[in-house]
Structure formats: structure tokens, C-alpha cells
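Let me begin by handing over the structure; questions about it come next.
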Amino acid sequence: MELQPIYIQILALVIFTIGLIVALSRRNIFFVLMGIELALNAVNLSFVGFAKTLPADMSVAGQIFPLFLIAVAAAEACVGLALVILIFRNRESVDSDNYSNMKG
Amino acid sequence: MLLHLLVLAPFAAAILMIATSKEDPKSSSRLAFLFGFAFVAMSIALIASGNQATEAIEWFHIPGAKGAVYYYLYSHGLGAWMVFLSSALSLVALMTARNSLDKNYRNFAIGIFALMGAMNGTFLAADAVLFFFFFEAMVFPAAVLIAGFGGKERRKAAMTFAIYTLVGSAPMMVALWYLITLADNSLVLSLAVALQNLDPATQTTLLLCFLLAFLVKTPIFPFHGWQAITYAEAPAPLSAILTGAMSKAGVFGFIAWILPIFPLSMEVVDSMMWLGLVTAIYGALMALRATDGKKLLAFSSMSHLGLAVAGVFSLSESMLPAVLVLLVAHGLSAGAQFYLMGIAERFAGTRDIEQLGGLAARNPVFGSLFGFLAVLSLAVPGTAGFVGEFTVLMSLWDMGPLPALAAGLCLILSATYMLRFVQKVIFGKPAREYEDGKRMTAIEGSSIGVMGVLLLVFGMHPAFITNALQLFDESAVQEMNKLTHPAEDAQTVEASADTTGEAIADENIAAVAQPMTDDDLRQLDSNLKANGFSDEERASLIAQLKNMSESEVADAQEEGALEQNEANVKEASENE
Amino acid sequence: MLALIYFVVLAAIAVVAALGVLFSKHPLYGGLSLVLTMLSLAGIYGLIGSPFIGVVQIMVYAGAIMMLLVFVISVLNAAKDSKTPMFDGVSIFVVIAALALAGLVGFALVLSPMGFDVTTLRGSVEMTSKNLFDTSKTGPGYFVLFEVLGLLLLSSMGAAVLMAKKRLSSEVSEEDHKEDK
Amino acid sequence: MTNLPLWIIPLFPLLGTILLGAIAVISSGSKKGPSEGFVGALSVLFPVISFVCVVLLAFGMPEEGIRETLCNWIDIPMLKVDIGFLFDGLSRVMLLFVTGIGSLIALYSIGYMHGDRGFTRFFAYINLFLFSMIVLVLSDSLLLTFLGWEGVGLCSYLLIGFWNHDLNNCKAANKAFIVNRVGDIGFLLGMLCLATLGGSAILNYEALNKFVEMLIAGGHVELAAPILMIAGLLFFVGCTGKSAQIPLLTWLPDAMAGPTPVSALIHAATMVTSGVYLLARLSRMFVLVPEVLLVILIVGMLTAFWAAVAGLFQNDIKKVLAYSTISQLGYMFMAAGASAFDASIFHVFTHAFFKAALFLGAGAVIHSLAGEQDMRRMGGLIKKTPVTACVMIFAFLAIIGFPGFAGFWSKDLILERLYTNAPFGEFFYFAGLLTAVITAVYMGRLIIMTFFGEYRGSKESEEHIHEAPASMLVPMVILAFGAVFAGYLWADSMGIKFFANTLAPVVGEAQSYSLGAAIHHVNALTFACFGTAAALLGMIIAYVVYGRARIPQISAKESSAPVGSKADWTFFFDYIHEIFITITKAAAFIADMVVDKILQAIQWTVGSIAEIVGDGVSTFQVRKVRVQLTLSLLGVAALVAVVLLTGGLF
């Protein structure tokens, strides 16, 4: 019984699914943001896990890309939180269903 | 250079027009006229200078396609004449709109120039994707102009027009994309080659997709729902352009894209021809009942274009020049009639022909012009319309007497509705009292009059039109080949292209009537023998033929003799 | 074998913490569980030979981003919203859809064979910096991406500042309110 | 003087058209209009010049005629046609009387149209008509003839509807044009039919004749006969349209709505005879298909008889003349059907004189009565307008075939040829003779009701009756001379065969082919006696029936159209046409109200379905963003499933 890459992938999949469920099923806007973070983390893990199955040069991309993803996540969190605060000031609510004023 | 100018300069002109004053129609109209004249002059130069092509510039790559999409313009006689129609009608539209629109003249001119550029692009594009691009681009300025300057139901009309034409050409886009993923690039020849390798079912599907776009644009019978309301609600100058030039894009598509690309089966050709004839008769019947003057003209153009499409799909030798003359004649006469109807509407305040009447007495110059153009659109001999319709009828006669009879019925009906139209609009007494609106100005009258005179001139000497016609000549085919296959297998492509483009390609070959040679006579002799002619009969006939072809210098007689022996042979076989 | 045990432990912690995010009522607890997930993921990174990413994960993700989130949650008192139910009818639908997707993807994963490669490069600082800042023409060109990312961060910071500025005046927010209507 | 180019003949009327048309358009804005003297002089000048040209050419014409190709017209594959002119015996005769009578009638019109608002326009049309007519008879190919053919139809339309403020005139004009159009399509299809046989070159008359010669010489007539028969029938349809034969004859009586000079020029003397001209021109082709000739013969006979009877019931003086014209055209067609093309052209020639004289006389009567056309309000005019009456009476004697007058020679010739040439000759001869009797009756009725007895109009209008001005009388008198003496160009029983000789190069060969060797030699005198007897009998009947002032008094309101069973007889073919019109209208109705509505319904249904679906989806979207996202999640799942199931495309 050795560690297999498939275990890593399944872990990533589980976390990703939980992230999706959090993001979509919770109505609190903070949980939505956290769900997205969770899903992003799972993707990072998947990248690295796959990178380890590739030979020398090809494994580089999979290990660099998570760095970029983390940076993008940072930017996303920054803007997302600012938005949440702004909307919260206007609506006095963290219920994401209340935010929808998209008119078709 | 000329080609680039004709396609791109209208857009530049449209942008330049933005710089003119919106409030002062005088200054902007002067600039617009200047541009308009320049474009007409360029289009005449284009016709005069014969076939030409630009350098093929790589434009962009479509994902999945093998080759690049080229910005590649190519002018042949057909396209050049259509460009002439679009620029000439645009000029007259700018002139007539000058009196009807005051404040927004500038915006109108911008729209017209954009439309003209798109139309010119459609008629000159040698690359299928480029063609499609312009084909779609035509819709937008036209729809915007209808929505901005039309009559009471202008929004509905613009929506109907845009949705119908865009939805109609959507399948073509898909089919085109599919084809260019298989072809080396998107020029006609490579598309035709690519299509040959497909199985028949796929070919038919692709053909139907292409046909639909042109059927809607022309429009042909079950797809004409947009036409009447659009032409009626659009401002009259725009209606003139729509019917005179834009609807030609449909027929042009049949000739320049469908025929060379698709190997057509007999059923398709037959059903398309009948569809055209049904459109012709249906349009004429609808025109008989129409009470809205512009709708009447719309149905009349539908009828004429149906005839043109029927002519295209008769696929006879003389089809191409015949249809071209018919299209030019129809473009000029229908355009002029729309302008006149617009002036009548402005003058009397209505376009309901039951409400009009007596304009000949109230406004004699207008009345004479109106009557003159109505007569010209009736295909009276001596006008271009006659040459077109007679030759189209002749092509149809090739397919059998029944299509020709149907077309003849259509001509009778066209006389009926046109006379009714004339009678209701300019004769009799007005049905109600009204204040006279703006009269026809000298510039409008003379520009429309020039169109009438052009019709007469083309009618007496249609060679002006037909001489420009060298569709798909040798050099162009080679040019395209070079682009398609840089060096190695140009040979094979040419061979296969010849077979696919046969319907078109043998036009030029057949034009040259050969004098009789001894071989022909021998051939004839054996034919006759096979058909059971006795020796003396053969000898006498051949002696006669020899005498005729020797004594007669004029090639007319030669052709007569040639045809005669063909006819004899044909009859002989019938006799058996 | 040892690696597997470490992995199982870390994975269990990560999954449990992730489930904690899902079921916690107050966002603050949710945020803290999320931090826990990230820490255990960082451990897994180290375990499979990418220590640099693990370190960055701890420093940037768990350290900076999540702390920002937790900070905001504590600043906004109303973040805990007792009126809003944790789950509603839609949630069931979501769970079914997500599980369906997960099942399918998992099925695909299980079907595809894969194994660790012995020649795989270790995701050390050295390897990362060599590739990331390789400015030679033949190189992978990550540095351009790196610069672009810098711009992205800068602009997102600017955006955040702009939105924060609006917050300062109450009139503006009223206007916003109108606009939103 | 034969070095005159041929194109000069149509050139002058064309110039006249352009000039007068320009004057008409330019002056239409002004109140007063251009000077009538100036315009009148111009409009007579151009026809006269071309008449002079024709005369000069006619005297120097070589036996085989002059051919001249002006330029190329249509040149596309399959169709090469030149603009060329052919001046031979046939076109010489036609041109002489077309330009001659045209000039006279232009002169007459100056007086008749005096003071009309559209004076200039009228003469522009007249010149255009002469141009078209000259092109029709002068052209050397069918296509160019067709140009003239439609051109004269167009002018006829314009001139019938000349007083276009009255919609009834417009309707008559429309009817004329549309009925003619039906015939024209026949002509057009006939041309196409010929072209399939021998290419477009065969549309040239000379090539056609050569082709026919070749067929005869090669003995292939029976091979080509089916196609030639169709072509012949189609051409004949064209002729029935233009020459008002059964079944396309209803337009001619209505066409009398136009000014009287127009009726005289177009609807009596020239245009309506172009059908006969075409038959003569294509005689070489027609004689190959005797079946078609038989059809022509029967149609001609029926037309002649029917129109003569219908003429008996008319009260409108111009309508009587219109039906008489149809009847006489029927004679000409009978002659052509009996392959006596020269006789039919001869009748065209004499008919042009006496019918034009009759129409001009009727015009003068109408003019003097200030527009009154109903014969029941005339009578006794011989005392007030003696010159007009004399002209009319001479022309009357000519039309009934009174010995010595023009009609006598031509009509007798036709009857004689009918007897000798036609199949069932006796029957057709008898029908022709009967028609001649009826002709004499209705023409006698016209003369009696108009010129004899008491004046039956109102008293105050009697004061204003006056003789027409000189410009009207001069042409009338000249035409009356023609009506008397034109027949002596071919006085068969006197041995003068000048006319037959001039036509011989054109139609002689055809006739001899048709008749073969067996030419009956009969005593011309016998036929002359029968003819004279018929005319006298008709006159006596007319005198007995109408001479004793048995004309019922009528109220002022009553229309001049016949009523009751007489109307049924008169309008029989109108009723038949009505059927076709109704069918067309029904088809249009179905197209408009059924087919189009169905298409619109489909269009509307598709549109509204799209709208409903769009609306539904958009309301769905607005409320629940999460639901929508989850849906997209499911979509992704579905895609994954597809990829798994298909194993991936690439």
C-alpha cells in the first residue's frame, strides 16, 4: 500500500465538491466566498498531484501554476470582500438571494 | 485599388459624414452628393475596366479551418454591375431624401453609405467568409435606417427584416464553417473541391443551408414574409435601394456561390426553377390586390426577382447575360418607381392608392415621369426590361414550354397590376381633398429621368451590360489556383474545378459559333443515315448546307444552318 | 506506507474541516475551519514533494487571505444572520447536482491509469525561481505572466480602494441605493 | 432616288415624339400652353416628311426590295438580333398608307383637338404611334416587329386613355392593353417556338424564308410541321389580339373611348391591320401548315359574321364603325386563311381609306353636334353638313361593295378567292356573302339614322350644328377620293393587276405553294354580280327597316349601349373574358387571403413561441441565481457524461 496519485485526486475532488456545495447552497454571502476559496484550493491540489505523475520537465508547469492561482485568489478575495462590504452597507443583508436584482 | 476604394471608401465616407453638421442638411447633403457621384464614377470605371482582382491579404484564421480567410476582392461583370446599381441607387436616394428629411439628413446619409459599403463588399468578395461577413453586415444599416426613418410600424418592420434575414443566413454560416474546416481555404474553388469529397446526403444538407439564406434574401415564395412590410415601412429611398440592389444579393448568391460550388441535381434545379415561377405568379397576384402603393411595388419586385431566379435555374447557355440584364433593368426601374412613390406619398400625404389619383393633372411633370417609368417596367420592347425578360423566357423555353407559359402568364399579370397602379395613382380624380406637399424638385426629377433614359439605352443596346460579363475567366481561375495550391497539384484542382463549375464555365465557349467544317458535315451525314434518311435526301440536304455556309457571309445564317441541321436531327429522332 | 498514513490523516483533517465550513452557522467558525483545511492541504503539498507551494499556501492563503476574510467578518457584526436559514430547498438540488458531477468525474478518474513518475522535479524554491524568472528567449516565459499578475493585484487593490472610498460618505450610498433600485 | 437610307423613315416621327414630348412636359406647368399653330405644324410636318421619303423610296425600289442592317441589337449566346430594315413590296404598300393616312389624320386632328388641354401631348403620342407602326412594318426581323407591335399597343393605350381624368376611359385603355398583352405573349412564345426550331437567326424574315425553302426542297416539311403548327397558332393568337379577332376582340369597341382621329388612325386604318400584315409577312411559314390556315379561316368567318350582327344593335355611331372594323378584319383573315394573302393586304389597303373616311366623317358629325355620339339623337344632317355627308356616303358605298367603289374590288376578290381556294369554299363563300348583306344593312342604318329623316336632338342644340373647319374637311375629302378610286389598283375584272404584281415577290411564292398547280379559273363577272346583289339587298333591307323613321324616341338619360338580348349578343365575348378575370381574381384572393394568411400565421406562431420561451427562461433566471448556477453545473455534468459515453471525439 503506497500513496497513489489517484488518492490525491479523489481528495481534491471531494474538497472541490464540498466547496461547490458550500458556494451554491449556503445563502450567506461569506460562505459563498469561502466555498469558492475551497474549490480553488482543491484545484491547486489537483494541479500539483497531476504534476507529480509527469516526467522531469513536464512537471514544472503543474507546480508553478498554483502560485499564480493563489495570487489570483488573493486578488479575487480582495475585490470580493470589498464588494460584499459595499453591498452589505446598501442592503443591510448578507443573504445572497436578496442581492439578485438582475432583470432579464 | 478601385475595388478597395469601392468597398472601404463608403465606410470612410460614412465616418466623414459624422463630422458634418446635424442641423444643417444643406452642407451635409453637398458632401454626400459629392461622395455619391464619386462612387458612381468609380463603379462605372470598374465596369469599364473589366475583370480585376486585388492582392489576397490574409485576414484571420478561423479555428478549425485549414487555411486563412483572405481579404480578397474580385470583380467580374455581374458583381461590377451590381456595384453600379448599389452606388447609383444610393446617389439617387441621397438626392430624393434631401427633400423629405430635414434634420436627420446627416444620419440618413451615414446609414446609406454604410449600407452601400456592405453591399459593394458582398458583390465583390471572392472569399466566402468575406462574402458572408458583408452579406450579414448589410442587414444592420438597413434595419437601423428602417427603425429610424420609417413609417408608422417602423420598429416592427425593422425587427421582422433583421430577424428574418439573420435567421435565414444562420444555417449558411454553420454550413460555411463546416465546409471551410474541410477545404484548403475559403475561396470558391477549394470549397467546390472540398464538397466533392463529401457524401451526397451531406452535400444536400449543405446546399439547403446555403439556399435558405439566398431564398430569404431574394425573397422567394414561402420566405417572403418580411418583404412587404419592410419595403412599405422603410423610407422610400431606402426601399429603392433594398429592392434595387440589396435583394439582388440573393440572386447574386445563387449565381456566384451556389452554382459554382454545388453540383446540382436535376430535382434541385427543377424545383428551384418552379419555386421561382411560383414566386413570380404569386407576387403578381398579390400585387393585383395590394392597396398600399409601396406594397404593390414590393410584390412587383418579388415577381420580377422570382422570374430572375427561375431564369438562373434554367441553366441554359444564355442564362447569365439574360439574368444580368433582367436584374439591372429591374434594379433601375423598380428603384425609380419606389422613388416616385415616395414623392407621391410626400405630395399627397398617403400611399394608399385608393386615396391617390389625379396626380397627372395636379402635377403633370411628375405624372409623365410616373407613367414613363411604369411603361418601362412593363417590359415593352426597346427597354432593358424587355431584353431581360425575353431572354429569360428564352432560357425557360429550354426547360420546356410549361415554364415559359407560366412566365408569360406572369408578364400578362404584370401588365394588369401595373396599369391598375398607374390608373389609381395618376389618372382620374383625387379621392379626397388635400394640401399639396412638397413637389418634385428638378434634381429629383432629372435623376429619376436619367434612370429611365438608361433603361431605354440598355434596351436598345444591351451589349453595354452583357459585354462586361466575363464571369470566371481563365486568368481568374488560375489566380485562384495559385492561391489554393502554390505549386504542386494545380493541375488536378483545375480539372476538378472545371467539372464542378461546368454550368458556368461553358458560357463563354458556347458563345462562339463555329462555322461548319467537313467534319461536321460528315457527322451530320452519319446522324442522318442513322435516322433513316435515304441517300438522295442526305445528299441534297448537305449540298444545301454547304451552299449556305459558303454563300452566306454573315454568321447569322451560319448559325441558322447549324441550328437547322440540329433541329432536323432532333425531329428525325422524334419521328422515329 | 508512512506517506500513506500521513496522507490519510491530513486528508481526513482537510475533509472534516471542509465539512465544518459547510455546516457551521457562524461565518467566523466557517472561516477558521477553512484555515484548517488549508493548513492540512499545505501539509499534503509538502508530503508529495512541493514544499514551496505548501509554504506559500500557509503564508499567503491561510495567513493573509483568510485572515482578511475573518477580519472582515468580525468587523461586520451583522455577518451572522440568524434570520437566513442555513439551507433551503435549493440546497438539495445543489447537492444532487454537485454529487452527480463529482460521481461522474470520479468515475473518469478511477478509470484512468496513472502513477508517480520518478524523474519528477521537486517543487523546491530553486526550481520555482529558475523557471519563473527565466527571461531567456527560449524559456517558458512565465515572467510575463508574473508581471501581468502584478498588474492584476495592483488594479484589484485600486478597485478595492475605490469601493472603500464610496463607503465613507453616506450620501453616495443613498445614491447607490437609488441606482440599485 | 434610292440612295435614301431606310432608317430615315422612322427617324422623323421619333424626332417628332421627342420634340413634342419635351414641349408638352416643359409647357405643362404654364397655364396657356404652347401655340397650337406651331405645335400642329410641327406634328404634321414630321409624318409628311417621312411620307415623302417613303414615296421617293417606293418609286425607286428594286424588285426584290431593299435590305439594310443598321446595327447590332441583342448579342448574347443563343440570341443574336440586329436592327435591320426591309423595304419590299409588302412594306411599301403598308408604309405608303400608314404614313399617308397618318399625315392626313394628323392634319385632321389639329381641327378636332382644337382647344384641348393636352394638345401637344396628343401629337406626341400620334408621332410615337407612327414611329412604332413604321418600325412594325419596316423591320426585317420578328423581334424588331415585336418592338413596333408592342409600341403601337402602348400608343393605343395612351391614346384611348387620353382623357384620363375620366376613369372609364382609363378602364377601356387598360382593357385594350391587357387584352393586347395576352396576344403579345402569344407572339412572344411563337418567336421562342421558332427559335427552338432554327436558332435565333431564324427570327429574321429572310432567314426564315430560306429555312422554309430548305424544308420544302429537302422534303422535311412534315418533320417540322408539329412545331411550325404550334408556332403558327401562337402567332395567330398574337394576331387575334392586335387585330381584334375572336376571342380577343372585346377591347376594340371599348377603345372608341379615345378621340375620334385616334379611332380612325389606330383602330381602323393601321394598327388593327398589323395582324393581317404579320400573316402576310409569315405567309411562307403559314402555308406549310394548312391546319392553322383553316383555323384562321374559321376564326375570320366567325368574327366577320358575329361582329356584323353585333353592329346591327349599336346606337353609338363610333361603336357601329368599331364592329364594322372587326367584321372587315374578319374578311381579311378569311382571305389570309384561304391563302390569298395579296387579297387580304389589298383589302387592308382599301379598307384603310374608306374606314378612315367613315371615322373622320363620324368625328366631324360628333364635332358638329358638340360631342353627341348617340345616333338616335341625330338625323337629317345632310342639310346642315353636306360635305361630311357626301364623304360618309361615298365611304358607305365603298364598304358595302357597291360596284366601282374601292370595297367592291377588294371584297369581291376575297369572296372569289374563298370560293376557289378554300376547303369547303362554297360554304365560306356563302358565309362571306351573307356577312356582306348584313354589312350593307347596318351601314345603311347608320347612314339613314345620321343623315336622313328629321333631326331628333334637342331644339337648342340644332342651332349650333355647323360644318367642320377646313383642316378637317380636306383630309376627309382626300380619303373619300381614296375610298372611291383605291380599288382600281387591282381591278381584277378589268384586267388591272398592279397591286397583285407589287406583292408578288413577297407572298406569291407562298400562294403558289399553297394552291399547287390546280388554280381554278372562274368567271370574275359572276362573282361581281353576286356581290353587287348582296350589297343592293342589304341597302333595300336597311331602307325598309329603318328608312321610315321608325326610330324610337329616347329619354335623355338613357345610355347608348344596347339592352336585353341584343346586349347578350354584343357582349358575348365580354362574358367569356369575365370568366377568366374572375378566375384570376379568385386566384389573387386565395393568394392574398388564404396562402398569405397561413404564412403569416406560421410566422406569428414561430415568433410567439420564441417569445414565450424567451420570457419563460428570463423570468426563471431573474429570481434564483443559485438555481441557474446549479443548472449550469448539471450541464457540465451532462457534458462529462457525454464525453465518457462517447469516449471523447479526439
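Note that the chains are named A, B, C and D in the order they appear, and that numbering of residues resets to 1 at the start of each chain.
Here, contacts are C-beta pairs under 8 Å (C-beta built on N, C-alpha and C of every residue); 3 or more make two chains touch, one makes a residue touch a chain.
Because the structure is predicted, anything quoted here is derived from the model rather than measured.
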{"item": "Comparison of A-D and B-D by number of C-beta pairs in contact, larger one", "value": "B-D"}
{"item": "Rounded Å distance between subunit A and subunit B, as computed from the means of their C-alpha atoms", "value": "59"}
{"item": "Centre-of-Cα separation between subunit D and subunit A, whole angstrom", "value": "91"}
{"item": "Approximate Å spacing (C-alpha centroids) for the pair subunit B, subunit D", "value": "35"}
{"item": "Separation of subunit B from subunit C, taking each centre as the mean of its C-alpha atoms, in whole Å", "value": "63"}
{"item": "Two or more partner chains touched - positions in subunit A", "value": "20, 24-25, 27"}
{"item": "Per-residue multi-chain contacts in subunit C, two or more chains", "value": "90, 94, 98, 101, 105"}
{"item": "Junction residues of subunit B - those touching two or more other chains", "value": "none"}
{"item": "Interchain contacts, given as pairs of chains that touch", "value": "A-C, A-D, B-D, C-D"}
{"item": "Residues of subunit A defined as touching subunit D within the complex", "value": "20, 24-25, 27, 96-97, 99-100, 102-104"}
{"item": "In the complex with subunit C, residue positions of subunit D that touch it", "value": "624, 626-627, 630-631, 633-634, 636-637, 640-641, 643-644"}
{"item": "Subunit A partner contacts - residues on subunit D that touch it in the complex", "value": "617-619, 621-626, 629-630, 633"}
{"item": "Subunit C contact footprint on subunit A (complex, rising order)", "value": "1-11, 13-22, 24-28, 30-31, 33-35, 37-38, 41, 44-45, 48-49, 51-57, 59-61, 63-64, 66-68, 70-79, 81-86, 88-90, 92-95, 101"}
{"item": "Interface residues, subunit D side, partner subunit B - complex", "value": "24-25, 28-29, 71-80, 82-83, 143, 146-147, 149-151, 154, 157, 161, 164-167, 170-171, 173-174, 177-178, 181-182, 185, 188-189, 192-193, 195-202, 204, 207, 210-211, 214, 217-220, 223-224, 227, 584-585, 587-589, 591-592, 595-596, 599-600, 603, 607"}
